[in-house]
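First the structure, which I've put down as structure tokens, then a few questions once you've had a look.
Per-chain numbering from 1; labels A, B and C assigned in written order.
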Amino acid sequence: MSLQVSELRVYYRTLKGEVRALDGMTFELGDGEILGLVGESGCGKSTLGKSLIRMDGRMRHVGGTVVLDGQELPIGDDRAMNDFRFREVSLIPQYAMSALNPTRKLRKMVTELLRSRGSAVDTAELERRMDQVGLPREVLDRYPIELSGGMKQRMVMVISTLLDPSLLIADEVTSALDVSTQKAVARALLGFRESGYVKSMIFVTHDIALTHHIADTIMVMYAGRLAEKAPADVIVKAPRHPYTKLLLDSLPEVGVRYADRRLEGIPGSPPSLLDPPTGCRFRARCPIAGDECAQDPPVAELAPDHHVACWKA
Amino acid sequence: MLRLDDVTKEFRIGAFGGKSVTAVREVSFEVVPGEVVSLIGESGSGKSTIGRMILGLNPVTRGSITFDGRPVRAGKEYYRHIQGIFQDPFSSFNPVFKADRVYNMIKEAYYPAVPRAEWAERVEAALRDVRLNPGQVLGKYPHQLSGGQLQRLLIARALLLDIKLLVADEITSMLDASTRIDVLNLLAELKARGLGVLYITHDLSLGTYLAERTVVLRRGSVVEMGLTGRVFGDPLHPYTRELLSAVPRMNQAWDDATPVDSCVHHERGASGALIEAEPGHFVACARLDTCP
Amino acid sequence: MTTLQETEPREREGVRREALHFAVRNGKLMAGFGIVVVLLVLGLVGPLLAGGTPNDYGTRPMSPPSAEHWLGTTTFGQDIFLQFVHGLRATFLVGVIGGGIAAVIGMLVGFVAGYRGGAVDEVLNMLTNVILVIPTLAVLLIINAYLGIRSVAVQGLFIGLTQWPWAARAIRAQTFSLRTREFVDLARMSGSGTWRIISREIAPNMSSYLFMTFILLFGGAILIASSLDFIGLGPTEGVSLGLMLQNANQWSALQLGMWWWFVPPGAGITAIVGALYVANVGLDEVFNPKLRET
């Protein structure tokens, strides 16, 4: 197992109290596996991604452990994490546009960045990887502003994987891109794994259809907890958790017409994590909720590699 | 009802507007009552600029936009019949005021004579039309409401007027999947009231879900338009094909269409004149007969 | 952070109360305003309590502070405390008039340029930049020398007319970013005109910013007035802290060791302006949650 997360709890400090953004997440990620992390805004998926690499000032590690390649990550200790960032865990941020220093040419920026990590630039390797994602080499002698959104995103991808991290976290990397660019970026990510630049990857997104094309396994989160985790095809074709089912039913696909088949959303909204309800957190919106749902549903392995947190599944 | 004829928009850039870029190039189409037309394009296609010109927020450089035969004249009377909703619900509301202030603004401008109690009833009726519980949304500040609620508040605002055309610019792109579809369904219901809806989006699946007719834009020009089923069922233009193949679908793998830039007949940026390939199905390609 | 937007709906009344909560707990703000208020009260009430005219010659010249003359007297026997409280009055007046006029012009130009954009913006921006690069002190010198400023109010007026450009630039930049927000489009589609949008949509969004602009202009006006007074181009009638300094300098108070003559006006100016700037930093912390010390 490349990554083992157990009972991870990360809270946000706010004026009103602590927001339980991650409330007991347990999951594993195998070598060479791409995990698609999906969920709606506020479900904790971005918090999970951030927790594995860099917590911001308002986040607090409350409990649980993260083990990467047999070594425990000191995720609550910002300074100790510095030894792991980039080398072991790396992140492609959502806004690659703002991740690049606008006053530096890219070649200089890459050199400075690697020097700060105590490495020298292997230009041949850098250019080889740029070829792989379809970036012309001249890009290195340009300023970030001269690049299109998709090019910047791919440049950031190349930079953040230069030191061959074990785990790569891609946080909503495609959501600001056009569909055709999105496809190129997604394929480049797949190429990184093939070439062994990264061992495993967590692909955070709200787009289930896109995840399905990239991920081996999809994990659906709801209100700070795991709802369902299974191989990508199983999630899409045979989901067991009612939330996953309803979510899939609400997605229009090319060709589905209102006049032919009216899709429905999920009524209600996710609970506040400031003071989360007891029991199953999806209970209030769930069409099949029953009395037993007042108890917390445990995450059960209903079939090999198919984990579901639901009494009714 | 709404008609665009050879609409072109050039933006002046640089000091004293020395240079200009063409954002929209000779676009013509029509929206009739009781119809949803989707305007599909990627970033930089000029789709939002078209929406803003229709709403009178940006002037037209050349060509004409007419509504019921009269040219766009931004002002109170025009906005009585045409309203717009934009992408970011949180930016559509002034954050320092309560969200329901948008209704007071409508009342002040259009219905100053309506008694307060009657107005409150009208607002509540409009809210129920968009499936909002008045008690849950009135008297709240924008940040206390969800994106889906805010967008529905804006649809209700349009319904308070004598509205005939709604321009919906990416109104669901910032919403969650589970609430997005409800807003789309509302738009679909509006046409049953005889409204025309111009639905602007980059998302093909959302566009095809709603629209009777589709207009595909690329770099400011229309490359293909016609009935939605025909445009996406049998796409003729290489760009439409490329778009369609890039959309991730649940039940099939990505297939590769020939990129439009590699099409020898399609010059970058400037596409040919629209020709009618079959009744009502227009495509900007002069070499259809030789296309694979 | 999406998580927080979804899960932390804060009450707007709560936000106002929150601002007040942070305001009363912000040491910088309270200390700064405290000093200003004390001096203001002194300037308003002082002249009423201590009777007499500040420039009247007295019988005991050059005396150090005593029970009779709290801050001592000048070479001519004028009571320095009396001059000081009258001077405070003049100094606040020049701040209000100068700062007020500069703020009004700055807002007008900034809002119009930022909101209308295009040619209007280019013309106004050029005007702003021209006035910005004119050495205002030199211009004030010339104006003063030719016209001979008689009253504090006129001095304030001239300061106001020359100090608005940077405020205009700052407000223009803010307006520029706000006018592309969609609620402005929505207001236009509700039949609102330019002025209504500026006053009812844009201005309320930057009220804290406008308030801070005024404070800075107020302090700036006081400082400039004092400089003018000190180099002898102040009002020919009345008293001000700057004029007191000028007189002290002119009659060699420093060389004669009459510290009580120049210390109070110098300290007064420093205290008012310094306190305003400290309060401004405090305000910044109150209105900008990112700067709040938690």
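Methods note: a contact is a pair of C-beta atoms (placed from the backbone, for glycine too) under 8 Å apart; a residue touches a chain by one contact, two chains touch by 3 or more.
Just so it is clear, the model here is predicted, and its values are computed rather than measured.
C-beta contact counts were set side by side for A-B and B-C; A-B has more. The chain with its C-alpha centre at the largest distance from the centre of chain A is C. For this pair, chain A with chain C, the centres built from the Cα atoms lie 51 Å apart. Chain B has its Cα centroid 31 Å from the Cα centroid of chain A.
Look at where the CA atoms of chain B average out and do the same for chain C: the two points lie 49 Å apart. Residues of chain A in contact with two or more other chains: 41. Residue positions of chain B with contacts to 2 or more other chains are 146.
Residues of chain C in contact with at least two other chains: 5-6, 9-10.
Contacts from chain B toward chain C in the complex involve residues 16, 52, 55, 57, 74-76, 79, 83-84, 86-88, 91-98, 102, 105-106, 109-110, 141, 143-144, 146, 154. For chain A in complex with chain B, the residues that touch the partner chain are 40-41, 149, 178-180, 182-183, 186, 206-210, 212-213, 236, 246-248, 250-258, 262-266, 269. For chain B in complex with chain A, the touching residues are 42-43, 146, 148, 176-182, 184-185, 188, 202-206, 208-210, 228-229, 232, 242-244, 246-251, 253-254. Per the touch definition, chain C reaches chain B in the complex via residues 5-6, 9-12, 122, 181-183, 185-192, 201, 204-205, 207.
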